[in-house]
Structures are given as C-alpha cells and as structure tokens.
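Quick one: structure below, then a few questions.
Here the chain labels run A, B and C in written order, and each chain numbers its own residues starting at 1.
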Amino acid sequence: MKTSPARRIVNAMMLSLSGICTLLVISVLFFILGYLLVHGLKSLDLDFFSKLPKPSGEIGGGMANAIVGSGKVLLLATLIGVPIGFLAGIFLAEYSGKAFAFTIRYVVDLLNGVPSIVIGIVAYALVVRPMRHFSALAGGVALGIMMIPIAVRTTEEFLRSVPNSMREGAMALGATRAQTIFTVVVPAAMSGLISGMMLNLARVAGETAPLLFTALGNMFWSKGWLEPIATLPVMIYNYAIAPEEDLHQQAWAAGFVLLMLVLAINVTARMVINRGTASSRR
Amino acid sequence: MASSSIAGSLRHRANRSVLARLRGGDEISYLVTLACAVLVFVVVVLIVAKLWGNSQPAIRAFGWDFLRTSRWNPNSGNFGALPFLYGTCVTSAIALLIAVPTGVASAIFLAEMAPPKLSNLLTFLIELLAAVPSVIYGLLGIFMLLPLIRSYLVPALKGTFGFLPLFQGSFYGVSLLSAGLVLAVMVVPFIVSVSREVLLAVPTEQREAALAVGATKWETTWDIVLPYARSGIFGSIFLALARALGETMAVTMVIGNTPKITASLLSPGYSIAAVIANEFAEASGDLYVSSLIFAGLVLFGLTIVINALARILILATSQKAAAA
Amino acid sequence: MASPQQQQIMTRESVTLPAETAVSKTPGAACKLTAQNVDFFYGSFQALHSISLDIPSHRITAFIGPSGCGKSTFLRTMNRMNEALRNTRVEGELRLDGEDILSMDVTDVRRRVGMVFQKSNPFPKSIFDNVAYGLRVNGMSKKSVVEEAVERSLQRAALWTEVKDKLHKPASALSGGQQQRLCIARALAVEPEVLLLDEPCSALDPIATRRIEELLFQLKEVTTIVIVTHNMQQAARIADLTGFFLLGKLIEIDGTKKIFQNPGKKETEDYVTGRFG
C-alpha cells in the first residue's frame, strides 16, 4: 500500500506553506530594518545629536535633549527596578518556602502582564499628582516598576541554575548563607544576570506609553530630576503624528537610533550569555 | 609555627565575634531580600488600589453603563467606553485572525521541519522582532504600511468583498483595519516563539509512532503533534491577545482616534489604550480623568484574566509532556 | 580464618600496615571526635539509629557499607551539613575535643570539621581564589598570610608543582583528579581539625585514586581523617579504623585488620567477604 499521490501533494504543499509563512515573518524584520536604515540614515546628521528641537514651524534642530533625557530616565528606572527585583529574586531562589515563592511568582507574573499605559496611570497617581507636575522622576518610577518583574524572574532562574554542590562546597568551609549567596552563587550566575538585565533595559528603553503623562516632554534641557523631560520614544511619537515633513524626517532618524540601540543591547545580551555558558561548560 | 597561628586566629576570630557575625551576615541578608519580595507584592497591591480608588468618581457616576454607552463627551461630562472596548476587541480580533495561522504555521516549520541550526537562527531573528519598540511599529505603520494598504489591499478587498458592510465606506488610511494589521505583525513573534517551544516539548516517541505506520510528515504534525500541543498553542494565542489588548503606541498612531462604532473596518476607531494615551495628559476635571482611569482598570482586568488563562493552558501542555 | 578473598583484600603494595590502633571503646586524649547515641531523622523517617563511636586523632577512619546504609548521612551529621536540608533532626551527642558540636556556632563547626565531596565542586573562580575562599570568608584577608596559606595547602594536597605557574587560571581548566586535589587543598586551607571525605575517589580513574590515597596517608600528620567509601579495598589500604554501617546502624567499628580478617559480627563478615553488598 503505497502513499497515494494526493497525500504526497498535500504533504509537500502544507510543508511549503509553513515555510512560506516563516519567510513572511522573517521578511518583516528585514523590511523594518531596511526601511529604517534608508530613511533614518538619510536624515541622521550631527545636528541630531547636538541640537535642541526647534519651535513649531521652524526647520532643523535635533534631539540632543531627548537622548540625554532617555538616559536619565533609564538610569533612574534601573536604580529603582533592578535592586528590588534582584534582591527579591535572591529571596525566591535561596531563602523562600514553596508557598510564599509561588505567591510572589504569581504576583510578579501579574505585574509583567500589566499594559504599560496602565503602569503610566499608576505612576501618575503616585508621583505626578502629589507633586502637581510632570517629572523625570515620575517617568523613572513608571519604567522602574516595569523592570521589576523581569529582574525578579531572571535572577531567580539563573541563581537556581547554579548547582547545589557549589553552595555545599562554600558552606562546608564555614561560609554563612549570606556569604555563600553573595560570594559564590551570584558570581557563578553572573553572565546570565547581566544578560537578563540588558534585555530588561532594552525592553524599557523603547517604552513610550508610560512616559506620555509622567515625564511628558520638554523642548529644552531639563535640570535635575523634577522637571518634565524629553525622551527619545516620545519625541518619535510626537514628530511622527505632526504635520510637518521635516519633523517626520527627524522621527525616522530618531527611530533608527532607537532601534539600533535596542537591537545592539539585545544581541550583546545574547552574546554575553553564550560566552558565559560556554566557559562554565569547560 | 605559621600554620597553627592560622587555626588559632580563626578560632579566636570566631569566638570573639560570634554575635557580631551572626547579626552581620545572615540576618540582614534574609531580611533585606524578604523586604524586597514583599515590596514587589506591595507594588502590585498599590497598582490595584490606585486604579480602583481613582476610578471611583467614574464608577459612582456611571456604574456598569460605562461599558455599554458610546457617548464620550468631555464637555458635557458624559463618558461611555463602549467605542474603546469595541475598537480594542475588533483590532485584536483582526490581529489574531491574521497572526494565528501565520504564526502557528511558522512554528510548525521551525519545530518540525527546519534543521536545528537554521531553526535556532530564525527563531533568534523572530524574537528580535518582539524587541522592536511599539512606537517604531507605529512609525512604520504610518509611513510604510498605510500607503500600501491604501494602494493595494483596500482596492482588493473592496473588489472581492465590497458587498460586506465590513469593507464599505471611504478609506483614509487610519482605520480599524490598519490598526489590526499592525497589531498582527506585532504579536506574530509571540505566537511563533511560544508555539515553537510547545511543539518542541512534544515527546519524539509520539511522532515516531505515527511515522512508523507510514504517515507523512504533515499528517504526523496535523494529526498527532498539534492536538498534543493544543492547549499550549491556545496558551500562546491568549498571550498574544493579552499583548494586543494592551498595545498602545502603534495602535494610536494608525487607528484614527475617533470614538465611534461602525461596522466598517475601513473607518477610524479608538481603543482603550489609545484613548488613555491621547487624552490623559490634557484631561481636566475629576470625572474626565477618573473615566480614563476607569477605562484603564477595565483593560487591566481584561489582561489579567487572559494572561491567567494563557498560563494555565501553557502549563497544561508541559505537564502532559512531562508525565509522558 | 582469613579466606582467600580476604587475603586478596589485604594485599598492600607500598604502604605498611599500622599497628593495632586504639579500639573505639578506649577513652582518652587520642579521641578527636566522639558520637554518643546519635539518631538522625529525615522528617519522620529515622535514617540513623543510636550511632556511638570515637574517631581517633591523626588517624584515618573509614566507614564502609552498602548503598543507603547511612554512612554518608552520618558523615554529614558530623559537620552539620544536613541542616541545610529541610525537615531534618539530630538527636544525641556529638563532641569535638569535648565541645558539643550541636550547640556550637555552625559556621565554626564547619571550619573546624572540613569536607570534601564525592564529585569535585571547585568554584568558578581561579585556582588561587578557590583555595583562598575559606580563609577570606572566615575573616582572614591579609595578602601575605593568604598567599602563604594557599601555597602551603596546595603543597599538602600534592598539587603545588602542577599549578604554581597558573594560580590565576580558572579552576575549571584542571583535570578531574586535579580538581579533587584542589578541593582538598581548599578544605585544608582553613586548617580543619577533622577532614571528612565522602567517597572522594568514586568519580576518578585508578591512577588519580591512588594519588589521593597516598595524599590522605600523608595528611594524617596534619589532621584527622574520616572517609566514607564503597570500595572495601580502599578502606583496607589506607584506614587505621574501619566502621561498618548497615541500615542506619553502626554494626561494628574496629581496627581495619580485625574488621577484614576477623570481624566480630556476622553481618560484617558477610559484607567483607562479598556475600552481599
């Protein structure tokens, strides 16, 4: 009983179809990269990195303040989100009992699923309302909250992957629990932890929605942390929906820069983890 | 002799500072890490509390009618979120309709057909797509996708399906359809990534059993592997749905931001996330702000429910595979 | 009467048999660690029943017995490693030089009673940092002292000449046998009074095993050694005192020669002649 030609045809057809779908999906990535490369590079010049935005109607200007602004807000977010997430992850991996760990993990997953715009609302309620104005601080709080879940998860996952024999080896030498964790387990998991933090950062670096009504925006330089501040993603949004063609060009440039940054961090993070696992396998 | 002095000084150190060491190391470490874990819990509670609390004025004013009325009038103080709910649901539906078949098919290719090295490379690239910021999808949506849709897709749709109320009326670029398409592109990587993992988790013995009786590769996949992984794939769909519901920037840039309910997909619309993004910063008056926050609360609730369902489904498949 | 099998077990090459060592029941200054009616529980399951023994100072004591008989569990009770697991309980008395182990500060116990594990577990650090770890963690940080201690430990572990030029290379680059000797050096660095070894050679080839056995023989001068082994020939080769465990009980503990040639209990005889296990 040989396989009927009909079955063979269906087989070949379906399998090709699935390959075509994959090709389609992959091609989207290349379309995005290509489009941004062409349009972004075209509009990218030194002014972009050094000048401030021009007032409405005037041509030219750059996004220097937005680049610095993004840096400031992300720094704040990292300072808020990463330590809390890291230490909570240590608790889950090294100290916690099963029931408590399950609860916290569930809550962390919940937090991860909250739409970023909703986080923005909460940061608004927590920081902007009491202060009565928008600020870099509010933006940092919003993004910091978003960084917590991934920080917890990656920390827990990579600490758990360190074999117990390491912990026993340290404790058998007279190290306390705390010493074991911080001088043996954490260093052993370091490449994974760093990689995780980089991916975390890349994710929030592109976030726009939570900044719309926390950091808001600024046409000028922002002093300190308590003024509204310009950020790259928000500028892209504002310029993209503006009527002026010149602003569209700048939006492309900014989009290109942002995407390159995000992709660079992603790829580096993968490299870090691959190198880390390779060296420990020796 | 030097060696006995080491043992001696270690003993001396231990005896002298037993209390100090005890207090210094383990206690602090335990308490600080516990505090952070509790803090995470507190943050989530705070989120729910703030959302709920700040929605109260709107809840008191409108109750559940909020979700049934479609008047959104900041001037008269009448707020009904039905148009946003409608837009959110319609765009997500369009997104899933396109992304699910494409995504699952790609996952099948990557899990069942492609050699491991190719599969890993392609998966890596597809996962990079998930890392692209929403605002960039929006940017490309406005300037790359909308012209394409206007020039090619809409005429084609009108040509073949023009009789349907879905595709009637004039098309100006920004529309429910455009938003749905952009969302489809954005959620496909999630479907591919999770479905691929779920398919890879199906035990090889299952495939071998089918192939051994002469089934073709496709038949094995369709009849044996997919049903086995079914709950996990549904899980990935729910995950994608949760993402689509909450997507803000790309949607607000191409949906048209018009609080109207129309049968046609070609007309502009609005979504919950988009209205919040657009109007929150300038909203004045307690009821206005509160209504926006109420809408946010509804969105929050929706995503929680769907994420929970997703997790249960994905867990179900992995448990089945582990038990096998 | 020694059977041909027992005589085969007793073949030694370069090492001479020590004289009959103090039997467990002899009290006195030669006793480093004593156990009195030690019971151990995993939850409600009793894994050790009333273990009583004396570990003589500066000698090698071996625990033998079939898998699951409790010898490793008892070993880990001696440095309270079992406390790291949940739901465990020790009852009875354990004394190190007269001090109650169970009420001492646990990290202090572990510094004084060191352990080498079945599978070598060097930290993902350099060779130097591995050996120095115990010192640093116990508060010793002066560079010159640490360097001297590291060199001395590596010499004692017979590893110095092989690694002295690559102290700052990662420990993972060493071979299996070298890694295990590194773990021994690491344990020796904090100058433990007792060194516990849990089947240290089970993952190693015969040549590496031999080197470690020779090493242990020399280490007797520096510390007291307790070794768990499933390899009876190993116990016969190096141990002064041998204890036979079965089903969580210490059946018999005596001079090695006596255990293998003329055991007092029938179970011991059955085991050493290979009738089971």
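One rule holds for everything that comes next: a contact is a pair of C-beta atoms (placed from the backbone, for glycine too) under 8 Å apart; a residue touches a chain by one contact, two chains touch by 3 or more.
Quick caveat: nothing in here was measured; it's all calculated off a predicted structure.
Under the touch definition stated at the top, subunit A and subunit B share these contacting partners: C.
Among the chains, the centre nearest to the mean of all shown protein C-alpha atoms is found for A.
The count of contacting C-beta pairs peaks for the chain pair A-B. Chain centres were defined as the mean of their Cα atoms; on that basis the chain farthest from subunit C turns out to be B. With centres set at the average Cα position, the gap from subunit A to subunit B is 15 Å. Chain centres here are Cα means. That of subunit B falls 55 Å from that of subunit C.
Mean C-alpha positions place subunit A and subunit C at a centre distance of 50 Å. Residues of subunit B in contact with two or more other chains: 21. Annotation for subunit C: residues touching 2 or more other chains are 107-108, 111, 138, 190. Counting partner chains per residue, subunit A has residues 176, 179 touching two or more of them. Considering their complex, residues 105, 107-108, 111-112, 135, 138-140, 145, 148-149, 152, 190-191, 193 of subunit C touch subunit B. Residues 163, 165-176, 179, 183-184, 187-188, 279-280, 282 of subunit A are the ones touching subunit C in the complex. Note for the complex: subunit C touches subunit A at residues 79, 81, 84, 107-108, 110-111, 114-115, 117, 119, 121-125, 133-134, 136-138, 170, 172-173, 183, 186-187, 190.
If you check the complex, the residues on subunit B that touch subunit A are 21, 25-26, 28-30, 32-37, 39-41, 43-44, 46-47, 50-51, 54, 101-103, 105-106, 108-110, 113-114, 122, 124-126, 128-129, 131-140, 142-144, 185, 188-189, 192, 214, 216-219, 222, 242, 245-249, 253, 273, 276-277, 280-281, 292-293, 296, 299-300, 303-304, 307, 311. Looking at the complex, you find that subunit B touches subunit C at residues 2-4, 6-7, 9-11, 13-15, 17-18, 21-22.
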